[in-house]
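Okay, here's the structure, questions in a sec.
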Amino acid sequence: MKVDRRSFLSFVIGGAAGTALSPLPWKLIDDSSIWSQMWPWTPVPPDGEVVYEDSTCSLCPGGCGISVRKVDNRAVKIEGKKGHPVNDGGICILGLSGLQLLYGPTRIKTPMKRIGERGEGKWRKISWDEATAILTEKLTDIRNRGEAHTVAAIAESDSGTVPALLQRFMTAYGSPNFIRTSSQVDADELAVKTLFGATGRAGFDLENADYVLSFGAGLVDGWGSPVRMFRAGSLWKEKNVAVVQVEPRLSNSAAKATRWVPINPGTEADLALGIAAVLVSQNMVDTGGVSGFGSWKSDLLSNYPTQKVSQTTGVAADVIVDLAKGFAKADRPLALCGRGKGLVAGSLRETAAVYALNALAGNINRTGGMWAVPESDYIQWPKAATDKLASAGLRQPRIDGAGAGRYADSRYLPNRLADGVNGEGPYPLQVLLVAGANPCHDLPDSKNVRAAFARIPFIVSFSSFNDETSAMADLLLPDHVYLERYEDVPVGAGLARQVIGLSRPVVSAQFNTRHLGETVIAAARAMGGSIADAFPWPDYETCLEETLGEKWDTLMETGVWVENDIDPVADTVRLAGMDAPAIQAEGDVDRFPLLLVPYDSIRISGGTIGDPPFMIKTVADTVIKGKDGFVEVNPQTASAAGLTEGDMATLSTPRGEVRVRIHLFEGIKPGVAAMARGLGHTAYDGYLAEKGVNVNELIGPVEDPSSGHDAAWGIRAKLAKA
Amino acid sequence: MDTALIPKGVRRCPMWQFLLGLGIVGAVLAWGVYAMLLCWFKGLNQTNMNNYYGFALWIWADLAVIALGGGAFFSGLLKYIIGKDELKHIINYAVLIGFICYSSALLILAIDIGQPLRGWFIFWHANIHSMLTEVAFCLSCYFSVLTIEYIPLILENRQLNKVPFFHHLSHNMHEVMAVFAATGAFLSFFHQGSLGGVAGVLFGRPFAFREGLLIWPWTFFLFTWSAAAYGPCFTLLLTWITEKVTRKKLVKDNVVELLAKISGWMILTYTVAKICDTTRWANITVPGMGQTLADFYTGNAFYGYWILFVEIVLCGVVPAIILISAPLRKNPAWRITAFFLGVIGVSLNRWVMILQVMAVPVMPFDSWALYYPSWQEVATTILPVAYGVILIMISYRYLPIFPQEAELNPIEEAATAAVEIQTDTTPDLEPAQA
Amino acid sequence: MFPFSFEWLWDTGHIVFHGGLWYALNIIGIGMTYCVIKAVIDSSKGKGGHGRH
Amino acid sequence: MKHEQQHNPPMKYGMAIDLDKCTGCGACMVACMSENNIPFREDESDKLVSISWMSVFKLTNGKAFPDTEICYLPRPCQHCEGHGGHSPCVSVCPATATDYSAETGIVSQIYTRCFGCRYCMGACPYHARYFNWWDPVWPEGMEKYLSPNVSPRMRGVVEKCSFCFHRYQLAKNKAYLNDERTVPEAAYQTACTQACPAGAIVFGDLNNPAHQVHQIVKPDPRKGNKSRNPRAFRLLERLGTNPKVYYLSSREWVRRAGDNYLAHEKTGQVSNVHH
Amino acid sequence: MSTLDDKAKGVMDDDAAHAEGGEDTGAGGFIILFFIIGFAASMVLGWVVFPQFLYSQKQQPFSFNHALHVGEVGDGCESCHFFREDGSFSGIPKLAQCTECHEEPMGETEDEAIFVEQYVTRDREVPWLSYSRQPDCVFFSHVAHVVGAKMDCVTCHGHIGESESSRPYEYNRVTGYSRDIWGKNIAGFKRNSWDRMKMDDCAQCHKEAGIIHTSSVQTERDACFVCHK
């Protein structure tokens, strides 16, 4: 039988017919489409039992209550906690992104020791025992040499048990150098002390105010407790409350205000005092709760005539009068300050002037007014005993100069740290402990800060994330993130009541990290002697429970402790602190014709926490495009420099020079350039790093002559086509 | 070397020349195939399409080749149904071009969709309200008709035709070709139309939206009409190009002129209809949605009023006049210019109905979105061109595409062969005897 | 596409659309079947491929 | 097998977004992203390929300094009803991958059915539909936060806001267990509504007079569901898309920016419905 | 080029053969025979061999005796496969549920020993392979069917409750699905309501269930989001 071509063809045709009538082709077509519907590389989230766990968000000072949805042991969503006194169910963009921080690739997963050059990113994983040993040996060694004061610690906060433990550790160890990162809180505390004569903070009963005059405070840009502010903003809309935003740029807060008053940058204090002068001259003040009015009045009237103020501020005279009348006419007017999110301390003059307006309206310590809220005092530990070495160390001046001499009224001056380390300080620093802060990115003139850090022989970072400061560290002792730990979260942030939230571990620790409180207690115990004695608690949880006392049960039950009845630190306001000269922008007007001001956006985290991927995703393409950052200018300003939308330009200031792209914006005063704060990270991950420009590279600190705090609101700048 | 395969009575270039040409075009094809594979394996991120430009270069190419391939159905309609018998001398080429255009269109669609493995859902889970479903069904059905029309041509290859089965099959298919042609015309009417419907039904896009008849917007009819009008231009343009390349006269002038004249009248009527449609749209439809023509033709760097002029006047009225007027039509230079303008015109129309639709902002606060294709898109768009050239090269070399070729280009040195042509081959070369 | 598929509805739209579709498919199918069968018959009757018809 | 279920009166879930309250903070976007397993890439600054079901547009009044005004406009899928459920996108999908539910008024998108032709994206004038140009990839470990309630999408398909329909499914589960026939207003709220710190979004059944959204919008069925609230408008209302997302603004220029008007036409003109 | 040549020659040879021998009367028979051989072979391949290759098997971690457990517990299937308070379905029990009874071995079987040694003492969840796991795009509400429509488990899951041991888990190599979704029968035929769990099977039952399942504007069936997520 000869199999010729035709037989073969026939065989093939028969085969094709048979195949077509068998399930093979059809099932494969179907199955391949089903395969494409569940490609093995597309994740399938496992199902399970859903539970909600309540906790407190501590990503910003806002102190919102959160409710975390879990599926079995995975946290899948963070939501605002309904009924919470701060946020009542609302939540901000950063709070929503928290799980990306918890599970994200930027976590430091285990204690590590640097093995390469600084900043090279070469690390060796070590055990916690080894890590603690390295730290304590180093510290013991320095202390035994009588140089305990050459150790400094920088932390984001000084309230709550964890910062308190670190502070206590520094005291017991013998260093005066506990430093809190800078923010509007500095100026606020100083102003309260100056005006009320006692320690405390200002609280604002915004919800009951009927006229709000904001001197650049980013009411809906992240100022205060952000979610509370959003809620207040909506409440004002419902109640038709007039909100006036004084600011050189049409920020979101200005856009939401009923009136936007563009002003020359940095002249807010002048406007406040100008308004005060109008109030005084037109007898629209309530001096019942004010002391020192007589002498202050004459200075005010002679120094701040409306025309002169109008010239300084660029706000028309009739507008100034109008604002004064509006403020005076209202029953419960509130004046607020602290630029943007309040990330810079600001000047005493400005803060005091704005607070004085509230006092002149008689709106102090009452419903809808400004309250002088005492500091929370639930941490009542016995004073740490100090041995000889410690006492000697504590007698040394602080590296940043705070609390003595010209800076007697200031508690912390982180803006002076870099200069202190770079040779202006009384002694060189040997060790720096960094907890919950990222000074290498967040402090102004970051180049100078990095240079200072390079001179510190040993830096320990407790950060949970690969931030810029961790990159400069020698030892990484990663803290749990807030979703993995217990912590008390006392909330200031302009609340007119006292609130303490409780963070609770929502999930077990994802990596080999350790609670900062535990690390501090463990280190103290390892160092023995009076240091160990100052830490009688076996672990952090015990410390927390004992410290909170009766509040503990409330906190465990409801997650939050609230005191609505405030006992103000004082009832009369002494008018003072407003006679210092205005803070000028650094730089020569001729060389740098423009003014560069940083602006804050709620979509860009400006503090220690870098933007998680979700947040960066929401940032407009007129703020970052690819790697390029933008500077916002008025079309007039741009055309003067021959620039149009999207152009690449060189932006230079006395402190540095960067390449940026131009974004034209009608809502900004001509002659002013604005740049978003919080970008230009070099560390973290590819989702954040190298995007845009860190405005701190361009701006240096400007000292408030009356306090030493950083009061820089901008810097002179120049734009040129690149 | 391959003389046994070459139709009798015609001369072809030497093998090396053929292979060289094939190699050059093949390289372009390979480039396109590489880009296609990139799109399949890495996904459509290889393109510059985006969420504003869900439809882009490919879909334009798709619509354009289908419009240009419209010459096949319209010539078929004229020859088999209307009875313009002279067109038998060009119908083969029209079918081949149609086959190329439609197979290309299907290939492009297969690359364009995000999930090619699920492409068959369009048939299986068809939503009959979607114009795209209508397109897919009619397109693939008409493609099968074109295949059926092309098969007899393949079977007429000298060697294949010796196989009795193939010979008979080819013969039988010729006999019933009118039925297929009629079905093809029916299907073409609907898929050309539904391609127009694709844009016309978008009532969220005032630039594209048109009122219409029953479920079909006016663009439905305009697309069918324009494909029938301009398709023959493309067929004739390609015939002219082929003649230039082969340096031979392949189709007699009377045939070309007949088709050109019909095309001219079709273009004229289409242009009149298009002007009516544009006028109504500009004055009634668009203002009814709160917009004006200025919203569509100003405020961006590319799309301006010039488009309306080029599409309607330069590539509508002008070629129509040239092709209708006998003296102009008979002048090859004018005629070719008209074909060329026609091809540009219909392609531009398809561009406008796809890409400009995507570019125009609808929400008042939205902005124009312009886009430029990535090289992968360009390569995959050129891919069908290369494939078409190759198919034409092979078909021309081995198949009796142009029935008049032997007659118009007698091989002088082989007089005896010419006799054979007269007695034997010629009847077989003719597409149909029905 | 088929009456047993999830999307099928016995409404005018489907009847017209699929009516047209199946009509066309049937013509194509029947036409081709006719051609193939006739070609098989013809070639088994005929004598080789060169015959005239 | 005995089925005792009955038809509930049809619902029409919709939204009212108060633009006076919206601050453009972006919480709705991120709430949506984290609720709905929306992927992200290293560079998301090309907004034309970035996926964000909820997208916040920034509108300006076009005036020069200092008369410039800004308004933010959050844009979820508008869940157009069109005419009888034939929204612009639903009617064009060739594979029935997107559908309109007469029971809830929600426009669904089934990712496993979609084969990525993107016709629906072309049909949607709101750009509410997004294509997965890339495979979704989460950095190692981050896939832990993915929610099982929403199926992650594969490369090559279109996705869009679902009004958090899975929340309705879950609420219905609970209702079944408790032998209730309907889902209470509070039991089904979208993630953006829930998160909005300004309380600018109100979500509920537009057909149900007890629901807040109905009380705000007061839709007029005789005028194509146009709102009776003078502050309210819908995007591109006159195209006849009949969307179920209403916006509220006390500013005339904002309301006017919601639709196209000829120079002589007054804002809020009655829809010119073609269908 | 040589291939072309050969081909051309082949064609010529063929022609030559025809010219010489005329019609080969035996060829027709052969041709049909080969057709039948090809047809039969591919049918066997498609219907018998292909399914063998398409599906693969895995064994459960250990065998589970449903029948025994149903006898021991008080509340039938729902004793272990219960509804949570939020109306969600618990599915295959977690280890914690089992250890309520199985803290200590409760029997002499080998499977019991594996369970206790491998899982209970090590506090590991048992990696059960679910026969009826639907793909991720499906939202199946057990409560709607069991409580709402008062259906019983058998309708979809068959008589698994009477099984005395765990059958091997079969899955499709291409799709990764359990074979129970498509059903045992490669042609897709089914005799019992639980033989298959594809969308068409859901749809069929929904259609029979009457007029309430008509919310889809496109299909006048149940809207997609009823069963998809």
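Should a chain be cited, it is by its letter among A, B, C, D and E, assigned in written order, with residues numbered from 1 in that chain.
The working rule: contacts are C-beta pairs under 8 Å (C-beta built on N, C-alpha and C of every residue); 3 or more make two chains touch, one makes a residue touch a chain.
This structure is a prediction, so every number in the text was calculated from the model and none was measured.
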For subunit B and subunit E, chains touching each
A, C, D
Nearest-to-centre chain - CA centroid comparison
D
With respect to inter-chain C-beta contacts, which pair, B-C or A-D, contains the greater number?
A-D
Of all chains, the one whose CA centroid lies most distant from that of subunit B is A
Max Cα-centre separation from subunit D goes to chain C
Counting only Cα atoms for the centres, state how far subunit A is from subunit E in Å.
54
Just give me the whole-number Å value for how far the CA centre of subunit B lies from that of subunit D.
41
I'd like to verify one number: the distance from the centre of subunit A to the centre of subunit C, where each centre is the average of its C-alpha atoms, in whole angstrom.
74
When the C-alpha atoms of subunit C and subunit D are each averaged to a single point, how far apart are the two points in Å?
47
Listed in rising order, subunit C residues that touch 2 or more other chains are 6-7, 48-49
Please output the residue numbers of subunit B that touch at least 2 other chains, ranges allowed.
115, 118, 121, 125-127, 129, 162-163
Junction residues of subunit E - those touching two or more other chains:
14, 18, 86, 88, 135-137, 218-219
Which positions of subunit E touch subunit C when the two form their complex?
18-19, 22-23, 28, 199-200, 203, 218-221
Show which residues of subunit C lie in contact with subunit B when the two form their complex.
1, 5-7, 13-14, 17-18, 20-21, 24-25, 27-28, 31-32, 34-36, 38-40, 42-43, 46, 48-51, 53
In the complex, subunit B residues that touch subunit D:
43-45, 49-55, 112-116, 118-119, 121-122, 125-127, 129-133, 136, 198, 201-206, 209, 211, 287-292, 295, 357-358, 362-366, 369
Under the stated contact criterion, what part of subunit A meets subunit D in this complex?
36-39, 41-48, 69, 71, 74-80, 87, 89-93, 96-97, 99-100, 102-105, 220, 226-227, 230-231, 233-234, 237, 250, 252, 255-256, 260, 262, 510, 602-603, 613-621, 624-626, 634-636, 666-670, 685-687, 691
Listed in rising order, subunit D residues that touch subunit A in their complex are 18, 20-21, 23-27, 29-31, 33-35, 37, 40, 42-47, 50, 52, 56, 58, 60, 63-66, 68-72, 111-112, 135-136, 138-148, 151-156, 191, 194-200
